[in-house]
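Just below sit the structures, each encoded as structure tokens.
You will see chain A twice below: alongside chain B first, and alongside chain C after that.
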Partner chain A sequence: MQPKNEITTETRDAATLLRIKGDVTVFSEPFLKEAYLGATRQGANRILLVFDKESYINSGGIAVLIQILAEARKRSQVVGITGLSEHFKKIFNMVGITKFAKIYGSVEEGLSAMASAG
Partner chain B sequence: MSEQETGANLSVSESRESIKILDERTLEIDLPNQFGYEQVAMECAASFAKLVGFVRERIDDLRTAVAEACLNAMEHGNKWRTDARVIVTMNFENGTFSVSVKDEGPGVVDLPEDPDIQKKLEQLEPARGLGIFLIRHLVDDVEFNKPAGEGNVLRMVLRMSY
Partner chain C sequence: MQICSCYVFEGISDAQLGRLSGILREIRVGAGRWLFQEGDNGEAFYVLLEGAVEKVTLVEPGFELPISILRAPGECLGVSALVPPHVYSLSARCVEDSVLQAFDRAELEQLIRDDYLLGFNIMKNLAAYLLQRLNETRGELKVHFRTILQFTH
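Take a look at the complex of A and B:
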């Protein structure tokens, strides 16, 4: 049985929020890509990924996120991240993701910062 | 988390993993070679580390390192063979927590170099291949051994700081 993600999309101010429920692993790829492409089709150019602090995230899930960031980069979209535990903030920083997507302490902080970005 | 979300079937009647307490300092877990069961080893290591007094931050490091080592064994060692097993042995002694993860594979030919996030974002190298990097950066020591005819063993060590 493969894990599934439930991803809800919400537009707030000038950004699109993708709220990700469930563990983030290699099996998250179709769910994350579908949500990202759906937001892109709707014209999103600022995307805030909202993780669940309790979720298990592994290297396969981080690789999926890198693929999303690569696609966003091609389209000149700004991507932010929030909802991570301190441990996964450290991991994302270790891998280098934070050079390309800022991590925010809360949704409100992310929205505020992204509204004034670019 | 539901069983469906994790992919792990942990009900007692259908459980296919086994956990043995070899002595008060040593646990051994015999896992099926199936995605999701790495979380059994991860949670077991976290509970054991908490019991012996590790702080939350180090337990989180251990959780990720153990999960990644098990996934590495399942994918690269055992090639997702459904008849293969992953044996995880953990020991705490003299302030040192060690975890060995053994698979049945032919051996890791080349260990991956540290990832280059820029190249990954430019799609010049695969997005995957982060597991060994994470393990190396989260634990105090890591070594890869291949005992004759016995598969691969990844051994990692975390030391308790007083």
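Take a look at the complex of A and C:
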């Protein structure tokens, strides 16, 4: 049985937070896409992806995230990421996700930086 | 020692499980230690009892791609040892102090030579698992290509 991701959406400081629980794999695609497209339909142009520090993000999960980031770039949305463990910050840096989305140390840091990004 | 229930041994009789328990070794591996590395000869396969083990593959020197993390008792790793060319296709590292049951390939092969039905069941279970992994990998490829299409169209 494939695991489901629980993703909650919240609006704060003109940004939309997508809080993602559970491991992120290729099976997360429908959940992440639905959450992202739902936020987009609501007019979100600043999106902060908030991961659970215990979450494991495998190669499939990374692929899904890159797909969403590519779509966000086409829509000129600003995307930030927070909640990653040091292990995954390093991996995200290595695969170049930081070219599409900045990684922040906390939700507050992300919201503050994204607000001043305009 | 009782065998931890895992998909590789599904459908196997109590008598067969008894013989398998005769060849298992319980091992303890500390956090941060490698259980095996990609490309090593596959001398054993393992069933997790406690702890957590991460499976990774080396993309280029210094960059390991995360494949999965095993946390639940009964999760298996090192099944490449059971299939020619008996070379581990991924690396496995304990991310917590872990306890595993190890099954030596040579001893398992001997049990299978003595009981082909045991071998049939193990391979049937392994084939189902590998098909699932293949489908997952195909799903991942599709995601990559959808991303590529976003840039090329």
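Note that in this section the second predicted complex is superposed on the first by the 118 of 118 C-alpha atoms of A that agree within 3 Å, B and C clash if a C-alpha of one lies under 4 Å from a C-alpha of the other, contacts with A are read in each partner's own complex, and residues count from 1 in each chain.
FYI, a residue touches a chain if its C-beta (ideal position, glycine included) is under 8 Å from a C-beta of that chain, and two chains touch if they have at least 3 such contacts.
Model, not experiment: these values are computed from the prediction.
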Practice item. Give one of first, second, both or neither to describe whether A:Met94 is in contact with chain B, with chain C, with both, or with none. Key: both
Review point. Is A:Ile66 contacted by the first partner chain B, the second partner chain C, both or neither?
Key: both
Review point. Touching A:Gly22 in the superposition: chain B (first), chain C (second), both, neither?
Key: first
Exercise for review: Report for A:Tyr56: first if it touches chain B alone, second if chain C alone, otherwise both or neither.
Suggested key: both
Check your understanding: Just chain B (first), just chain C (second), both, or neither: which does A:Lys4 touch?
Key -> first
**Study point:** chain A residues touched - chain C or chain B, whichever exceeds
**Key:** B
Practice item. Take the contacts of chain A with chain B and those with chain C, and give the residues found in both. Key: 23, 25-27, 56, 58-60, 62-64, 66-67, 70, 91, 94
Exercise for review: Using the touch rule from the top, collect the residues of chain C that touch chain A in their complex.
Suggested key: 54, 57, 63-69, 136, 139-140, 143-144, 146-147, 150-151
Revision key, fill the gap. Residue positions on chain B within touch of chain A in the complex are 1, 3-7, 9, 35-36, 38-39, 42, 57, 60-61, 64, 67-68, 71, 115, 117-118, 120-123, 126-131, 133-134, 137
Exercise for review: Spell out the residues on chain A that touch chain B in their complex, using ranges where they run on.
Suggested key: 1-4, 22-23, 25-27, 54, 56, 58-60, 62-64, 66-67, 69-70, 73, 85-87, 91, 94-97, 99-100
**Study point:** Contact set on chain A toward chain C in their complex
**Key:** 23, 25-27, 29, 56-60, 62-64, 66-67, 70-71, 74, 91, 94
